[in-house]
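Next come two complexes built around chain A: one with chain B, the other with chain C.
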Partner chain A sequence: MEQVLKLRNLKVIFPSHGGIIRAVEGVDLDIHQGESVALVGESGCGKSVTSQSVMRLIESPPAITRLDTLEFNGKDIKNYTHKQMQDIRGKEMSMIFQDAMTSLNPVMTCGKQIDEMYIRHKGVSKKEAREYTIEALKLVGMPEPRSRAKNFPHELSGGMRQRVLLAMAFACLPKLIIADEPTTALDVTIQAQVLNVLRNMQKKHDMSLLLITHDLSVVSNIADIVYVMYSGKIVEKASVEDIFHEPYHPYTRGLIASVPKLSDTEKEFSQIPGTVPHPMKKPNGCYFHPRCQHATKQCKKAMPPLISVGKNHEVRCHHPLKDMKKEGKA
Partner chain B sequence: MKKSYVIKRILYSVFVFAVVITLNFFIPRIGVEDPAERYYPPQGNMSEIEYEIIKQATREQYGFDVSPWQQYLNYLEGLTHGDLGMSFRSGSPAVADLIIDRLPWTLVLSVSTMLIGLIIGIMFGVIAAMKRGRWQDTVLLNASTIMIALPSFFIALILSFYLGFEYEIFPAYTDPNMVSNFEWTFASLRNVAQNAALPVLSMAVGSIIGYAQGTRNAVIAVTNEDFILTAKAKGLKQNTIRYKHILRNSMLPIVTSLGMSISGLIGGQVVIEQIFNWNGMGTLFLEANNMNDYPLMMGIMLLLSGFTILAILVTDLIYVLLDPRVTVGDKR
Partner chain C sequence: MSKDRNQDPILTMRNVSVNFPVKGGLPFLKKGIIQAVTDVSLKIKRGETFGIVGESGCGKTTLANAMIGMVKPTSGEVIFNGKNLYKIKRDDFKKTRRHMQMIFQDPFSSLNPRFNVYQIISEPMFIRGEDDEETMKERVVELLKLVGLSPNDLYRYPSDFSGGQRQRLGIARSIILNPEFLVCDEPVSALDVSVHAQILNLLTDIQKQMKLSYVFISHNLAVVKNVCDSMIVMYLGKIMESGNSETIFKNPLHPYTHALLAAVLDTTIRKDRKQVILKGDIPSPINPPKGCRFWQRCPYAMEGCKTIPPENIEVEKAHVVACHHVNGFPEIELPKDYKNKVNMEEDS
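Here is the complex of A and B:
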């Protein structure tokens, strides 16, 4: 399989008044053609910063970004100029954002905002662009695409707005789609529709997908590979089956256990105690140790390295949990 | 939907204007029982009978001899053909004529101030926002801090002292014959421009800074919006993002402040006109006030409020063009 994205040792820090915010600390990402990769973690763990860094959308200043390798589609785009990046963005890699209401320009019709993609990247006239736009809206399941294209974002429902973003992202049939919590702002029935469109389009055109989410049910439906992120670091990477059946990291296990199930007979929700450490006050050693029931002295002292525990399965833990059945309910 | 909104806004403005006309007519009549006494206060060496005769004559001359209701109807009837009543000053000139004589001279100052402020201010504001945190931005920030502490009349005094008296670049005091000698010749126009230079300059400084600051903040606020990130992720060119996405969205608050300042075009420069002895509406209003000339005051107030209502209406209508969301509230 051809590798679409290769990211090595991404570090992003934001200098601020109180100190330095280390948003991302050495993240590696690999995405192959046609693959769906999920990046999972709680709010504030650096998922969005990572994804935006891939498109080099993080403004610097204020942010300071360092990375060893950024290869996209076989090209080294690490040192691409702004102009070169502008040619790639939207055309070869595109992004779907979380809140379609704020992610669309309120004073421009939805159609025009999609037209821009074709005008910019295909060099077609406004008229031709609109025909493409209507076709794209049809593909993402927008009812009455021709008249909807003339609507402003506030005149559409949340699901329709998200479809506009989808149509925009798929406009130039890019190699890589980055979806940053694409369904978080939608209600459940619409979520399923939007995810179906996303998945079908991706499979049909053999695109790669980087899905940023904190919703594990979405992950189990869509992803092939899962990266679990905690406080700026990848803590576990595995295939989706392994993540759900054989999670090694206590954090991954906690995340899975905290998904409410209808079959649960217990009254209490399972949860991970504590909160994500403040990005300026990260603990010594393993960042997760204050919330980990299995933490030892070693965990307080040293950050564990990412170790391989199986085929394509890596975990950042001094004491990876071996057996789900024995300790799963602990 | 849009059409109904426009019609509704216009009807609303007409209603407000009708209320303003009515209040404008009755409020000055609340305080004094006999309007004639306002015009002609009793004087020491005058007998009761003499005073009564004079008052009666005044009442008849100004139409005060009928019931207030009838006066109101007469006033309304007069308004329909631009008759704002007679001034109390000697010769009883028509209020409308007095205003028409002065209005252009005030507009010379205020419109040029506004245009300078708007054009240069928006330019500076956009530059400062694009160069956020660099020296261009710092200069603007410091300048606006200073300007908040400096009222325009203080700038006027400084300018008139240095540019007017010390270096004699521009006249510090308006040529008293400027108005009477005015004709549409180049020399006459240049004379007006020279005389207007200092008053306009002293008001424009604040205006420029105000618009620049407003523009800067609006542009920065829009730049941080999610849809700008979307536009970047689409690979749009920098200039497309700037002009198509950022600027149009940042114009909304600027149109608002522009609408506010339009209403100040007529009466907002009483002090500056005094300092430079400029014979405009501000001076006229001051004269009317000092002479208890309330038909004239009513006339000026009516013009001011009418202009304000018109400015707000126009602002709202421009908003409809700029921001499609505006009509949403109309559906309810």
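Here is the complex of A and C:
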């Protein structure tokens, strides 16, 4: 399989009044063609910063970005200029943002915003672009695409707005789609529809997908490879089967257990105690140790390295746990 | 006397409808009416958790607002603790209102960014005429501990807190007047999944301690299942299915309830990755469909569904469904599993 994205040792720092915020601390990402990769973590763990760094959307200054390698589609885009990046964005890699209402232009019709993609990247006329747009809207399951293209964003429902964003992202059939929490603002029924479209389009055109989410139930439905992030570091990386059937990191277990399920019989919800550490006051040693019930002295002293525990399965923990049943509900 | 009072429902709604006029075009010209809530009757028992489930735009929040006296219903009556909320005098209403409080969906917009924690939480007391700083401070500290924050946070501002912590502040504010009745309007849907459990457990603990009655609004059935004692499923302003939540989850009968259940994602990896998905969006409440409100999206819709509104049918004890299929339309061919379920009811 051809490698679409290769990211090595990404570090992003935001200097601020109170101190330095280390948002991302040495993240490696690999995405192959046709793969869907999920980046999971709580708010503030640096997952959005990682994805935006891949698109080179993090402005510097204020941010300070350091990385060893950023290869996209075989090309080294680490030192690309703004102009060169603009040719790639939207055409070869595109992004779907979380909140459809704020990422669409409120004073432009939806159709016109999608037209722009074709005019900019394919160099077609306005008329031709509109035909492409209607075709694209049809593909993402928009009812009555011809008349909907003339609507402004506020005239559409949340699910339809998300579809407009999907149509825009898929417009030029890019190699890589980055979806940053594409369904968090939506209802469960609409979430299922949008995920379905995303999955079908991706499989049909053999694209790669980088999905950013905090919801593991979405991951189980769409991803092949899962990276779990905590406080700026990758804590576990494995295939989706391994993550759900054999999670090694206590944090991954906590995340899985905290998804409310229909099959739950107990009234009590299982929870991870405590909160994510403040990015300016990260604890010594393993960042997760204040919330971890298996923490030892060693955990308080040293940050564990990312060790391999199986085929394509890596975990950052001094005491990786294997037996899921032994721990029960965290 | 007190025993009788405990058995009375804390809140009763009889045939409540809420309409909003839509103005547009020429001045004074009424464009139409949004039928946000249509003909809803329900009873909420003392000390129970009552779930309201449905998609956005189905009238959940309007219904909750009507419950606590924030939106005047167009018709019907709301009775809280034996008092008709919209008929009593203003003074009386104010006194009653302090027993009903609300937790809002989005903790990022429901807290005043220029108030500190102490001001936010003590504001309801202040409004009710409390002016002793010491008493208020004591009470606020007590509540901060109860919701799992530290008393050191007293003079910090909402921007210093994460989403989950802000929601805790919202909870503390809503219980400071010792209410009997608390409306939680999607208390977790704006938060991370990992924080959901913390907030839900906190709400359950508080309910046990303070013997509160909850109304719990959500669109995620997996959450409702573990929290609620009884529930209603709403679609486009009408109740589709209502009753004891255990009964509904054991034997969901309305096609819309089925669809909602199918849309809940859990952590099982689906090899085939296919699921029953409800098509389309919720229609506009300005011109709701005649007949059954759900027919446009219902996979089992028949001719009769388009014109005749279904009646509420009590299929078993504490389980009411508004669907023609449950009653057994003579010319309708029911899907197999449906038939089994309906037959079972008839046999027993």
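Keep in mind that, in the parts below, the second predicted complex is superposed on the first by the 328 of 330 C-alpha atoms of A that agree within 3 Å, B and C clash if a C-alpha of one lies under 4 Å from a C-alpha of the other, contacts with A are read in each partner's own complex, and residues count from 1 in each chain.
The working rule: a residue touches a chain if its C-beta (ideal position, glycine included) is under 8 Å from a C-beta of that chain, and two chains touch if they have at least 3 such contacts.
These numbers come from a predicted model, not from an experiment.
J.: In the overlaid three-chain picture, which partner chain does A:V140 touch, first (chain B) or second (chain C), both, or neither?
T.: neither
J.: For A:L57, select first, second, both or neither according to whether it touches chain B, chain C, the two together, or no partner.
T.: A:L57 contacts chain B only, not chain C.
J.: Touching A:C292 in the superposition: chain B (first), chain C (second), both, neither?
T.: neither
J.: Does chain A have more residues touched by chain B or by chain C?
T.: Per-residue touch count on chain A favours C.
J.: When the two structures are overlaid on chain A, which partner does A:I77 contact: first (chain B), second (chain C), both, or neither?
T.: neither
J.: Now for A:V24: first (chain B), second (chain C), both, or neither, which partner does it touch?
T.: It touches nothing on chain B or chain C.
J.: Classify the contacts of A:L210 with the two partner chains as first (chain B alone), second (chain C alone), both, or neither.
T.: neither
J.: Along chain A, where are the residues that touch chain C in the complex?
T.: Interface residues on the chain A side: 42-44, 143, 157-160, 187-193, 196, 199, 214-218, 220-222, 240-241, 244, 254-256, 258-264, 266-272, 275-276.
J.: Spell out the part of chain B that touches chain A in their complex, as residue ranges.
T.: The touching residues are 133, 225-227, 229-238, 240, 244-245, 248-249, 322-325, 328.
J.: Along chain A, where are the residues that touch chain B in the complex?
T.: Residues of chain A touching chain B: 52, 55, 57, 61, 82, 85-91, 94-95, 97, 99, 102-108, 116-117, 120-121, 152, 154-155, 165, 168.
J.: So in the complex, which bits of chain C are touching chain A?
T.: 55-57, 162-165, 192-198, 200-201, 204, 219-223, 225-227, 249, 259-270, 273, 275, 277-282
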